[in-house]
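The structure that follows is given in the form of structure tokens.
Note that the chains take the letters A, B, C and D in the order they are written out, and that residue 1 is the start of every chain.
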Amino acid sequence: MSTTYLAAIREAQAVALREDPNVFIYGQDIGKFGGAFKATKGLIDEFPNRVMDAPISEDAMVGLAIGAAIEGMRPIVEMQFADFSSIGFNQIINQAATHYWRTGVPCPITLRLPSGGTAGSGPFHSQSMEALYAHYPGLVVVTPATVEDAYSMLLESIQLDDPVIFCEHKLLYYHLKADRLPTVNLPVGKARIARSGRHATVVTYSAMLHESLKAAAMLAEDGFHVEVVDLRSVKPIDTDTILGSVARTGRLLAVGEAFPWGGVTAEVLSRVVSEGFDLLDCPPIRLNAKDTPIPYHPNLWKAHRPTADSIYAALSELVRK
Amino acid sequence: MSTTYLAAIREAQAVALREDPNVFIYGQDIGKFGGAFKATKGLIDEFPNRVMDAPISEDAMVGLAIGAAIEGMRPIVEMQFADFSSIGFNQIINQAATHYWRTGVPCPITLRLPSGGTAGSGPFHSQSMEALYAHYPGLVVVTPATVEDAYSMLLESIQLDDPVIFCEHKLLYYHLKADRLPTVNLPVGKARIARSGRHATVVTYSAMLHESLKAAAMLAEDGFHVEVVDLRSVKPIDTDTILGSVARTGRLLAVGEAFPWGGVTAEVLSRVVSEGFDLLDCPPIRLNAKDTPIPYHPNLWKAHRPTADSIYAALSELVRK
Amino acid sequence: MAQGLRLLSHMLEDSRCQTPPMSTPSTVSSEKLRSTFRWMLLARTLEDRIASLYRAGGSIVGGVYLGRGQEAFSGALGACLSKKDGDIFGGLIRDMSGRLAFGEPLLDPVRAYLGSAAGPMRGRDGNIHRGRPQEGLPAMISHLGALVSVVTGMLLARRLQGKATCVGATSIGDGATSTGSFHEAVNMAAVEGLPLVVAVANNQYAYSTPTDRQYACENLVDRARGYGIQGYVVDGTDLRACLETFTEAVAAARATGKPQMVVGKLLRLAGHGEHDDASYVDPALREEPSGRDPIDVATAYFDGMEVRKWQEEALKQVAEAIAKAQNEAGPDAGHEPWLALASEHLVEGRRL
Amino acid sequence: MAQGLRLLSHMLEDSRCQTPPMSTPSTVSSEKLRSTFRWMLLARTLEDRIASLYRAGGSIVGGVYLGRGQEAFSGALGACLSKKDGDIFGGLIRDMSGRLAFGEPLLDPVRAYLGSAAGPMRGRDGNIHRGRPQEGLPAMISHLGALVSVVTGMLLARRLQGKATCVGATSIGDGATSTGSFHEAVNMAAVEGLPLVVAVANNQYAYSTPTDRQYACENLVDRARGYGIQGYVVDGTDLRACLETFTEAVAAARATGKPQMVVGKLLRLAGHGEHDDASYVDPALREEPSGRDPIDVATAYFDGMEVRKWQEEALKQVAEAIAKAQNEAGPDAGHEPWLALASEHLVEGRRL
């Protein structure tokens, strides 16, 4: 029996609800309906008091979760789409993120953000918002790329005493499958070498891991062995694992699906050049989405984000430098 | 007669109101009261219909400005503090920033954000939010560090056909003075060499320009000549001017007052290493605020942000590498 | 029968809401009733067609969200505004009828749904987000509630430009009344004294969420007094009642320069989107007056022969528009300039 | 005179707001009246002292925002809650009186204002932002309106933990009722059915902005019906009236588990902060009943000798607290761990 990325997210929530009476879920249409993506399907039947449909009030949804967390609960908030977290933005960056530092009282909330682009979703149902949240002190930002990570990192996020922005990628929901869910896994904060290689390092995360792995496979046919690092969490970033890889390869490409200015890829490059300048044999490069809103029409959308082809093209140049 | 940074901002708005009947100002307490910082003092007397006190509704303030801009007006919105723009965040990044790209109809609004830290202002009256806005496509983000720039760039921002995030630094409001306001100046998008030197390049902006210039003066006493680049706008970034400077010095320090993850300094380092790797004689470095909320007590605040001393210390190491 | 419907509908007498006295005989001309009904028919015909293309697969780009059940309420609002006089209609996802009645070209939605590059959003944004901002049709973003302040700002511009009698209307769902954006904007319009007509289409669900998880007041019109604005309630399934109410509300906005809030009760007669079978909708609601199909209700006002003729014309118009758009190319990424700024000299294409 | 004041005050009869009938004789014990008055005196005494230290310069860290004029309204609310039974008081910037009455230690504000590292926020955050979240005193952030949903969430936690009779109160200014945050949170509390008491301190200004640029309704209590919750209006300058109203509102919240909204009219008898001379305040407003000083109004309820004795005790308490805090060190950056996360293993100190 195989489990999808989406089922793993559902299952992690079921386990958390079962194991800890302080866990509850709040979000639009997550009760009987099971959520826009069915990530909470059936949970209300088992936990009728701890799975609650919210009004369309993202600011208050996050505020409510913060208040409950202060009192010892461990709320999970589902945003219907990551993009709508912009309405809860103030509560996230100013109330949740500062609470522990200001008061010494932890604020353990988990915000689930269905993130990233899919064909035909357009500018307001496709965003990758990890850079916004990672910029603000006091938040943990995780970006699982595999079924196993979706499961284990969601469970761990709920247990962490800090607010966690859990960026789950919608493109991975249904297609990504695993045979079983892990009982042990790398903790949040550790990156994983998803593919080993010696000619170049690709640092990436979330759905772009899979595009990067495809590109690496293409490069392998050309005789180049690319190492692919899956960050897993973008705050913190596991800089040691990245530096270790660059030390082996001497070449770095950072790939992200988010907008190009600032963000994860800029942070990765900055860390590598500050701390591992001498490991580099040639200029490190970035590949991100284009600097426009995310287009609606699939023709444009495919050209807006990095793909296996564009990653392959960038790597082909990089390994020959 | 000398003009302060604050007076320059007021004067630019007066000129804009005078020259273009489509300009109006909307913000809390900006009418008779002249604004929390007096940046609009007296303007309502000359333009009684075009200077309007807003309710405490940052989301709707920005939305209203967008609507008016679509109709050909050129609204200026004053946020009482930059920090409160988090409430208008959704309208800024999703409505204003995408409007031209989506519809072909420009959205010329200028959002004035009194930004940056001052002693005793604490976590919610001190933020530097340029990285958030620069990350999103469709916005221009300017960060004047001088009286002249505050004036000319505000005038230009109002004239630009795009939404501009105008980050004015509160610490510069009263102390920074100029003899006269410029009639010509560098346009938005061009950086300025604020001090020439050959041993290292500091790339910075806003209030950190002045800390950096002080540090450069200290270094000069040690016999090191540091070039200081004032970015002036952080989106776009004038990469050519930065690369030109690094070509002369071979060493790079990027300094910002914002939070350390991502942001302007990461973007600067990334561009320099991608496009000018071979210009560098040693690892480029960054200096930012610490990764916590901005402390309230001056004892802590002083240690949280970069200062002339900490910049000096970083540079002293850099020039000796 | 038409008389019976009249009794069910129109502004409910309610001391809480400062409604003008019920107007008898109807203030709505038969010509207006007819023309609005025809927009309703056109909207329904188009949306039925889009839905079946969607189910067939292959030709519709993106999701499909229908106004089924809301054609009278939306269409009446659109019909009570005057595009050529500078009025504004900020339509949302269920406003096909109102948009067409206001003056949106039929080809706009058709091109958007079929992904034609000649569509109003050129493939950059989709279907329900389409607009023509410079013709009084602002282009909504997804974030619910966010359009209300934009329309308010358009009205402020009108006033500053000396066109104070233009009215701006926008609709909002029962669910979106819970957004802070809605609250801030309605309050702001009231404070600024701007002629904004807010049409609350209470279709009893927000996606799957019934109204008891959305608000706790008796009737959303109870909010009007809290903003100091005029409130109206209307049977949203009855075209004549809707036209009467919106005629009054728009006239009041135009005359007083103040916001008006019209709450229409009706039922969403479709899924949230066409991907949704709406199995969560309580079947009993369909049996209530608010669950009636507004097309059926209005059909009773007219001669059956005529209605059939109009229906056929609508089918023909839709078929032509679809045929035209189907021959148009989608956007070409190779020719897309990727410019998010109007100030091209500030675009950092190469660098980012 | 006390009788005369009673007539001016208490819940105004108003058909719009579902107020229970006026209760005569007073439901408030003389003991409660006295003890609350003493908290008011303590708050005023402390704030007067802080203000003069601020003007003298040198000892106060950050800005000073006073509750002058709001002591009765705020203090009555604080006094009607029970900290030991798990009630919650989410105080804002003008709630010195209410916080103290609720049970905040006097040393907390003193230490905060004097920048002592022993203060509740340890120098990380300031004066009016102080709190003790685990003792029912959440620590506000600056963003107005943002605390209402937090208190709502604390109440939800209470309910989930089986403590459903705890009441949570928070205050909000006339200005902050314009925030979307306020709207979303009050609506959510109404939908969830949580015992939230929202005290709207209508002090007629938001910084320099008068209420006609903030809202267009007659009275902010008109909003209550739009949320489906109980509304009350009270003369915010009269302690007895405030105690009566909050006693009822808190009891109603506790009994019904539903939100209550209490609107108090009063006048801010200070600048927005002590940096502000408030010269924009219309002097005529000071002559109106709502412009009275609540300390004066309440003083009339008591024996003058007693009041003087209480005043002296307050002075002594304040002097002691200030003397203590003045001897305490400010925070030391060298010992500051700079940890924004409770999960220390995830902090990236070295790297960032």
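The criterion applied here is as follows: a contact is a pair of C-beta atoms (placed from the backbone, for glycine too) under 8 Å apart; a residue touches a chain by one contact, two chains touch by 3 or more.
This one's a predicted model, so the numbers in the text were calculated from it and none came from an experiment.
The chains touching chain A as well as chain C are B, D.
Chain centres computed from CA atoms place C at the largest separation from chain B. More inter-chain C-beta contacts link the pair A-D than the other of B-D and A-D.
The centroid of the Cα atoms in chain B and the matching centroid in chain D are 36 Å apart. Once the centre of each chain is set as its mean CA position, chain B and chain C turn out to be 41 Å apart.
As a whole-number value, the distance joining the C-alpha centres of chain A and chain B reads 30 Å. Touching two or more other chains at once are residues 54-55, 57, 59-60, 83, 86-87, 90, 94, 97-98, 101-102, 123-124, 137-138, 235, 261, 275, 290-293 of chain A. Among all residues of chain D, those that touch two or more other chains are 121, 124-125, 129, 141-143, 178-181, 184, 187-188, 191, 213-215, 339-340, 347-348. If you sketch which chains touch which, every chain touches every other chain without exception. The residues of chain D lying in touch with chain A in their complex are 120-122, 124-125, 129, 131-134, 138-139, 141-143, 146-158, 160-161, 180-181, 184-185, 187-188, 191-192, 339-343, 345-348, 351. Of all the residues in chain A, the ones that touch chain C in their complex are 28-29, 32-33, 36, 53-57, 59-60, 81, 83-84, 86-87, 120-125, 260-261, 288, 290-293, 295-300, 302-303.
Contact residues on chain D toward chain C in their complex (touch as defined above): 16, 178-184, 187-188, 190-191, 193, 212-218, 220, 222-229. For chain B in complex with chain A, the residues that touch the partner chain are 83, 86-87, 89-90, 93-94, 97-98, 101-102, 123-124, 131-132, 134-138, 235, 258-259, 261-267, 269-270, 273-275, 277-278, 280, 282-286, 290-293. Within the complex formed with chain D, the residues of chain A that make contact are 24, 49-50, 52, 54-55, 57, 59-73, 75, 90-91, 94-95, 97-106, 108, 137-138, 140, 160-162, 188-189, 235-237, 239, 271, 275.
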